[in-house]
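In what follows, subunit A forms one complex with subunit B and a second complex with subunit C.
Then we have the complex of A and B:
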């Protein structure tokens, strides 16, 4: 409970709720949420992921700097893929969720594409933070804060450099994935987004195509798992046999990245 | 599935426009997705803000008004609202005495309200949050997202709302809300699945002759599937599940809640059975509310919520309330 900003409070005293609703714009930056209580519980299985990070001189991704224009194309490609796959995502969300993952992400990525078009950021980091902010403000549900945090955290790590290497992107996304795990109090194997994100980020060390493939495989491999987080967890064993919609949409993000870097 | 709507995308906005037209004592920000009591901010009063996915009406927008919530933030159908909504609502209703967020325990609601609380505090609003998690159907809570918030939300909003209306300070209202959560338990069953506007077909397949036992309020299937039971058997099993989990000390408030598509005729009949079981189990009932209050779109079925009530609880329950969904006293 913060008591900071008592002065700001005093200045709005005379306004009615109507004045306040229709005559204000929030410009406050989004805070980074505090860790989920699950983190301090004995059930929490911390990193490292079971996927070892392999890297060698031979298997090194391109050293070419990736620029803001490419990141914008990435987000646009993601929006197009989400749009194309929306029905399938909703279909997957139907037996173990509430049949809205596709429409929620569609709304979110449409607004991401719009925001990036109207004011294209100059740095890759800014592209990701803008996209993350849009997702938090438009998606709702758990996916909004989780995807938003993934992209915002990665974007912040990239800072305002005009170009980044694939290696820097990998490190930034790894931080984003850690933040998602923290926020959701989940780990790989819980049948969540992480099951696609974690292997994809590790595979980024070899190539974008490998990352897309690892994400897709991670998503498919959630099928035999029992959900331990999110709404599907209420189903217990009945969640087994269904592919996780969040992991599936996470794979789309990496499919889009592979598409624009091919 | 036929539905009374224009297009799925406009269902929530259309409902908000309709609410605005029907309830002149509410201010409805259709664009910003916030419902506020017209006389907010009320000087000297702690403000209560809740919200969650749409599809549970009258929860939460129908509980905005004197004696209950100051504002509600409706998300898309079964999707938690976004932080911007709660920040907007908090700024609109804060009188300087602080804002209490009442949050149902779903991963999405928890994450979005948590982000909103931090944002609102950055803007100088003092925020406290209370999590509602009353659904005993979720047993293995270590390996799930925890007990869901269902019927007890109504009790928390009414009782904390009455305490705030009396002028109690934020820490007291927060403590009371927490106590109500601790003293409440719910259990629900579904006789049919519900249909979300965006999907247009039932959320799960429930054969005739079966029911979902221990169901949530988002069309998610329940704890297990059982052959169809009579009202008497459902009351025995539901109240039994609650009392196996927890024994109230003293009298209770009872909510016999419809999931949206179950007629009052059936709900009253079910209430008779619930009262019978409670009498048999030695639990005195101080007040009963029967109706569709925490719903799941067009799902058929019911839930029972019990809340242990002391004298203060009863005084706060009986206090006047003027909202679209609950209205008595004065």
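Then we have the complex of A and C:
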């Protein structure tokens, strides 16, 4: 077909058999066969197991509804990961920060886990606002108000709904990330937690695992950047070559989410 | 810990109510010293309630939302509370408390001012009975005072 179009000057007799087969005189779009009406009728059930098919559809719906229990598990998994990685976070914070990121977040998330255990909220939104409040109150460093704002803003957006979809969570977290950017006056590329959070929230549209991967990649990719916010920015070019501790802990948050939804 | 260094007069919300001032620093000693200096420089006229909220509750370096909230409630006389901060997490914590929470008393405002100079200006104007807007702009004006 391509050859026939390109060799417009060639005579019909010069066309090969195949060219003639595919050559069309009209450029009008080819008619698309319409599906048989039965396929869209309520009587239609895909072969071969109607019951299994319906079950799979129902399961699909319940799978996308995330409840408060799952959100609590998410925060607990985050607390466990922060606990495990606290030393590494503080190590990353030593050359470019004040060497307290790991211990600060450890204190914060320990109190989050405790608060959620003693009074488990009934709605996903309430889980996040409770967690955010705890982080603002207990972290003691800049990451407290930043993570606190992320979770509180997202929690408020989710409201009192007993279950939320992945899409709703994505929209809520997107609002949270915007609030973090506004609070810190920073943007993606400034070598902050936003470099992990922003791509992770976008990847949430695909899957939780993709979001975790995007966050991890975002954190690793902060290494060649020069810090433009926070204490690290005082170091100027000397901040280059170090992975940002805030972006690293942000990746843990999404790793925990992927873990509990897997 | 928060130590009130001067008490405001006037009933809650009354015409004599003075603006309260909270000084937030990463260090307990810094916040308390600046409070002491500001009250001292205001001479015998330092009537506005001033409270320091410095460091973490365990005495370490950092910012404590708990201490800030407690301090703001202590100095609230119903005329508003001006919060002055040093840097980093002190700024972010107060901003986060104002934006997302209901912990701080109504009429609490983060004042964009240099910490020490702003504190002096705020204590002097608040003690003279100025309202929150006037206290905030007096503190902010301290930015325009050049030293060379």
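Before moving on, here are some points about what is shown:
Throughout what follows, the second predicted complex is superposed on the first by the 199 of 262 C-alpha atoms of A that agree within 3 Å, B and C clash if a C-alpha of one lies under 4 Å from a C-alpha of the other, contacts with A are read in each partner's own complex, and residues count from 1 in each chain.
The rule is short, and it goes like this: contacts are C-beta pairs under 8 Å (C-beta built on N, C-alpha and C of every residue); 3 or more make two chains touch, one makes a residue touch a chain.
In this text the structure is predicted, and so the values were computed from the model without any measurement.
Touched residues of subunit A, counted separately for subunit B and subunit C, are more numerous for B. Touch criterion met: A:152 reaches subunit C, while subunit B stays clear of it. Of the two partner chains, subunit C is the only one touched by A:132; subunit B is not. When the two structures are aligned on the shared chain, A:140 is found in touch with subunit B and with subunit C.
By the touch criterion defined above, A:231 reaches both subunit B and subunit C.
Touch criterion met: A:99 reaches subunit B, while subunit C stays clear of it.
Contact with both subunit B and subunit C is seen for A:183 once the two complexes are overlaid on the shared chain.
Overlap of the subunit B and subunit C interfaces on subunit A: residues 98, 100, 104, 136-138, 140-146, 183-184, 230-231.
Residues of subunit C touching subunit A in their complex: 56, 60-66, 88-89, 92-93, 95-97, 99-101. Residues 8, 27, 29, 32, 34, 36-38, 40-41, 53, 71, 75-84, 87-88, 91-94, 96, 98, 106-108, 111-112, 114-115, 118-119, 121-128, 138, 140, 142-145, 148, 196, 198-199, 203-204, 216, 218-221, 223 of subunit B are the ones that touch subunit A when the two sit in their complex. Residue ranges on subunit A touching subunit B, taken from their complex, read 1-10, 12-13, 16-18, 20-22, 24, 26, 28-31, 33-34, 43, 90, 94-100, 103-104, 107, 136-146, 183-184, 228-231, 233-236, 238.
Across the complex, subunit C is touched by residues 98, 100, 104, 132-133, 136-138, 140-146, 148-149, 152-153, 156, 179, 183-184, 230-231 of subunit A.
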